[in-house]
């Protein structure tokens, strides 16, 4: 029943998991549940290296319920209920798809599944079921209902694992089943076009929801939804460059979220505050944390010198090559506005004025918090300077999935013949110019005056009192909701939809429950009525 | 190679401030008064650079403007000046249009970090306005650029310019040009979208705590940045410059067009400008994109 | 060594109660060990027919083939576990007399291949169930027992009607001769006999329109006994019904009807568990649901699906045993089985046991429930019945909702009492949990046995 | 009293439903052809050879389908035991139906032994004349009922002896069955000599089984009767 | 005319109709009477109607009871089939046992709850 096989795709995802788990091992964590974490790790390994659908499903389910028990230590009842119902639902749709595949091809082992003889109706059914699983796992609208609460209410260490690795299992399943098992030529369904648009819509809505968020972890949760939305969009283009872009973005997103979540976790660890409105002004208290966060948001927003840009660049070139202009426009819209919540994250926590005066009393951040952050930052910077370094690995995966490899021109260059850029030159030029201006600035021989205290700012002629909350910036994004288009986007809420579904089931169960409290006599009546009906039908 | 970069930089700095001085003269004439001399911007920047004291709010406040300036300079260096590609090509072979677009956003990020570090609420208000407006500006410009890239099957500015040998893009893709021009106005900080950088709004703008050398650096980088954008518009829609004279002529024509449009309109609030930008130019750009 | 010892020994032990009034606990354990010995003895001699006092078709025949051996060993295992588990129970030892007879009734139902003899064991099992329901001797228990007796009497009326019509028109009582002659009867009588057997057994196998009385009985009876009901009693009736059904060679539309009824009862049972506020009733609904699935799978007449159903029967019995016994511990401490009480207890051991039980009932890997569900779904897929596959998965999602709501309730609410689980109970429960885990990881041996059993079940009692 | 008040709508509906059902049942049953070959006639043919019992019903009940009778006796034991569980030992058992008329007392003193004797006769001759274990047992129990009616509370039953009696007869029944199986034949097979039809000591273990059954039924029905006639008055519960 | 009435088929129809009317009466009693005692008693009526039907439809004109008495010496064709009588003997005793048990339960239930009406039995069900 358990049989495994080392594949290039498996290696990449497993490598990411190992890196994340090893680096997170150092972070101080109140809920030391080693068994559950090792169970989760084993299930992830089982998913990535499975060589038949049943082992994949077993890993998938164990991951589902082991993370349920990990979240259960801190999240409240509604969140747990939302989490488990969606994840078990996703797992059961996966099981449905596996059974359908078994019905169509008569076996579970990947190598023996050939879809040439399978009628297209069945392939579409399998695709829809798998897409449901993917939507639930990666939190595509409207199935993202559980994502934000679970990420923000689980303990800080686990939300990093959730967002960095577990949201990627959906991507892994998509690639494995659609690219490797069903293979592109049997997948002619127009559904994938719809999936692309659904991915983009999710990321747009999630981005604007993130901008509106006041809690750091909820902002990061929405941002994970948005980023995974990009991956789903680009994956459903089903081209070789788009697959490479998706894989590249998966790697980048894993380390960005690892860095950001642990950074926020460190701040929450020392300040016990979650919300931007109660944080702020920690820049000069925790400078290293600040710099690491800046590296994180630069790559999250996809700004050039760092790794984030390379994956964003690949996504744009893949979409351009496929002439998907409108789709690219939508992606651009969401990634442009993504920049807003990146800045809000930095401003809310570090910049601006400290809202509570006793920031001095905050303890030092334990060094162990920096291990995953440094790992993330180093990888992001290296991928910024030498973006091409992991292209051969992706080409290995592309080969295993039957695509011809993407153009590889050395470590520094990234992109296809449509458009490519040289990472080394970009970051080198940036560094050089920065140093030149710095030298020129320092050489200027004028004295710099230090302000007396944090209230010594030009304040339109008035004098700011200490009790005035000067941390105005945390409310960034408030004015966005005044803009017509964005107000319409923000009004979307899946809460009402799922609330209606649960009340429907509740009322239904209310009715059936009354049946089960019949008195013995009425029960007798039901039996004899049933007998008479069947007898009458039979005799007629 | 470095001489080219230096020349490009000096030209951008020179032309930037010249055009800025010209702009101050033309708008003065429109207001019925005599404007300052053309070189007034040079004098201001030299005076500010040599001021003997400037308040400094810590190392991040110090690094913010520097990142902003390096963002602007990088944008200029990655755009080729001429369309024949022998001289003043800069670093464009190592990058392409997408890289340039993202460098245009790097500058505001540096500025935002610097402004954020000193914690003045007015600065924060200016930054929020700037970033929201940026969101509105980017949409039509990006869609127009996407349309061009798809039309020319490449993201390299050189090839886009080469393909305009017989018909300029302004004629081939008029809708894209209109959308790009409207957002170009915003990028140059001309009204009606100039609520962020306008002099009257300086107190609630991002540069509220900048003084001395920091303000000087901010002004000079904005000059270089506006010349870079002019250059980009020329390369994308006017077939790039054949010679130096052709370059000056085309950039001047564009600059004057933006100045005249700028002086006519009043100033939108941020919400109005973003609302307008997301409605009119974006729709024009999308329609243009469909026709590509 | 005759097969009848399975029946005679427990009854003999109960008859001799006056001689060992206060050693009943140990006697019951002894009896069950003896039965287990018999089962082991007969394992190597399968399949086996035994005539009591005369050759066929004149006298009663006992058949021990693969499928009946499966059930016999399951029941003996459960009863052995029950008697061992409550060996320290000082008061209320009278229950062991009734449980012994309950065992012989259940085993008789499995082994007997004579329709009237099946009716006798049907009555023995039912009456011992009535007494077990009224064990608590309080208002609730007696009202439950009364309800059970009325419905049980109606069931035996239908069964009697069916047997009488069969004897009137066929003249023979042994299943093999009935099976052979059944299709020579007049069409109307055939339909009537089948219908009355279906209603008679349907009430007892708790199928949709006939199972509205079950939840109350589970609520009335002591929790440990409820474990026996769901692990042994309903399974025995289920086997007998399908044993007769396949012997009478029922045609396809009837089987299709039974499949639909099974699916419906699975859906309705799981749905009504959503809003229930009493954990015992929730477990009762879940048993009804699982019986719906078993009914659905057993009536498909496909070897793979039926073998999956048999595997599910074993897994369901073990999980329900584990769940009810742990609930019994909770009930002793919290003095109520309501959801609030269930949420209030603190005991890591019990929580893990409940979690393992729920996960295996839901068919979630790596526990044995998954293998059962997978085999059933695989069978239906190869039959092309994707509608049923989809329905089963959707409904088990509903099942997941209320099971995990219980887990979250316990995990996240304020704890009111700490439960210290005594050592014996702890060992026994973890034994069950390990069994589920082991079956989940290495199911092959049991699956092969289930396939042989499924083969023999589907072909019914062949003319001996 | 007006019919409407007592008969609700529900009763009328149920009556209609049930009568419609019975009509359907009758319709189906009436046109069925009855068979003539059956298990019973085959058993009749071999009855004399295999059991030498004059009463075919007894031979079916005890020999051919002996297991049913075992089941039957267990059910009786079970329900009596169930009733036993229900009674709290400390109840003030008061006979609620007793008459203390001296005529009845003297009459019962005479009749009681006769009834018990007659019951034993019926049990012993189960394989010869109609009747058998069950019928005889009930007759004996009716004797005890008479004693309760006559002597009310003063006549108390010795429960220890009664339950011992019951246990022994039940165990005896099964042990005979096991002995038969051990002696090579089938469970409850006939390993004793059959004797001649019509004689008291004929047809092997049939009479022995019926005697055991008879005694057990007698004991149990007496307990049953005692429970119903002597129970704590429900009114002052 | 009486001979025609003495045919086996005629007798069987009379038995069938008679026993199923008792069956109906008993069932209506079970399903509509409110008093628990009456329900259980009508249940035993229903059972006895089934026994009546079963034994009645096995009687054949001109056949004697399957017991060797002075009149009949041999067990041959003209004896009635003994198996139904044996079966009914057992089911009667089962009926008695079940009836006794149910009535004791009713008595105990009445002693504890003071209610005898089946519709007022509200101890079980979903306690809101």
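Just so it is clear, A, B, C, D and E label the chains in written order, and each chain counts residues from 1 on its own.
FYI, contacts are C-beta pairs under 8 Å (C-beta built on N, C-alpha and C of every residue); 3 or more make two chains touch, one makes a residue touch a chain.
Bear in mind the structure is a predicted one, so any value in this text is a computation, not a measurement.
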{"item": "Those chains which touch chain E and also touch chain D", "value": "A, C"}
{"item": "Groups of chains joined by contact, in the absence of chain D", "value": "one piece"}
{"item": "Chain whose Cα centroid lies at the greatest distance from that of chain C", "value": "B"}
{"item": "Centroid-based (C-alpha) most distant chain relative to chain A", "value": "D"}
{"item": "Leader among chain pairs (count of C-beta contacts)", "value": "A-B"}
{"item": "Centre-to-centre distance between chain D and chain C (centres being mean Cα positions), rounded to whole Å", "value": "31"}
{"item": "Chain centre separation in whole Å, for chain C relative to chain B (CA means)", "value": "79"}
{"item": "Chain centre separation (chain B, chain E; CA means) in Å", "value": "102"}
{"item": "Whole-Å gap separating chain A and chain C, where each centre is the average of the chain's CA atoms", "value": "46"}
{"item": "Junction residues of chain E, two or more chains touched", "value": "27, 30-32, 39, 57, 83-84, 87, 90, 94, 97-98, 101, 105, 108, 112, 121, 124-126"}
{"item": "Sequence positions of chain C contacting 2 or more other chains", "value": "116, 120, 123, 127, 130-131, 134, 137, 146-147, 150, 154, 167-168, 173, 188, 191-192, 216, 275-276, 281"}
{"item": "Where chain B touches two or more other chains, by residue", "value": "none"}
{"item": "Chain-to-chain touches, reported pairwise for every pair that qualifies", "value": "A-B, A-C, A-D, A-E, C-D, C-E, D-E"}
{"item": "Touch list for chain D against partner chain C, complex", "value": "25, 27-29, 31-35, 37-40, 42-43, 46, 50, 63-68, 70-72, 74-75, 77-79, 81-82, 84-86, 160, 163-164, 166-167, 170-171, 174-175, 177-178, 181, 185-190"}
{"item": "Of chain A, residues touching chain E in the complex", "value": "513, 516-517, 519-521, 524-525, 528"}
{"item": "Touch list for chain C against partner chain E, complex", "value": "116, 119-120, 123, 127, 130-131, 134, 137-140, 142-147, 149-150, 153-154, 156-157, 160-161, 164, 167-168, 173, 216, 219-220, 275-278, 281, 338"}
{"item": "Residue numbers on chain A that touch chain C, as the complex places them", "value": "1, 54, 57-58, 61-62, 64-65, 68-69, 72-73, 75-77, 80-81, 84-85, 88-89, 91-93, 95-96, 99-100, 102-103, 106, 125, 505-506, 508-510, 512-513, 515-521, 523-524, 526-528, 530-531, 534-535, 538-539"}
{"item": "Interfacial residue positions of chain D with respect to chain E in the complex", "value": "8, 10-11, 14-15, 18-19, 22, 25-26, 29-30, 34, 38-41, 43-45, 47-48, 54-57, 59-61, 65, 68-69, 71-72, 75-76, 78-80, 82-83, 86, 129-130, 134, 197-198, 217, 224, 227-228, 231-232, 234, 237"}
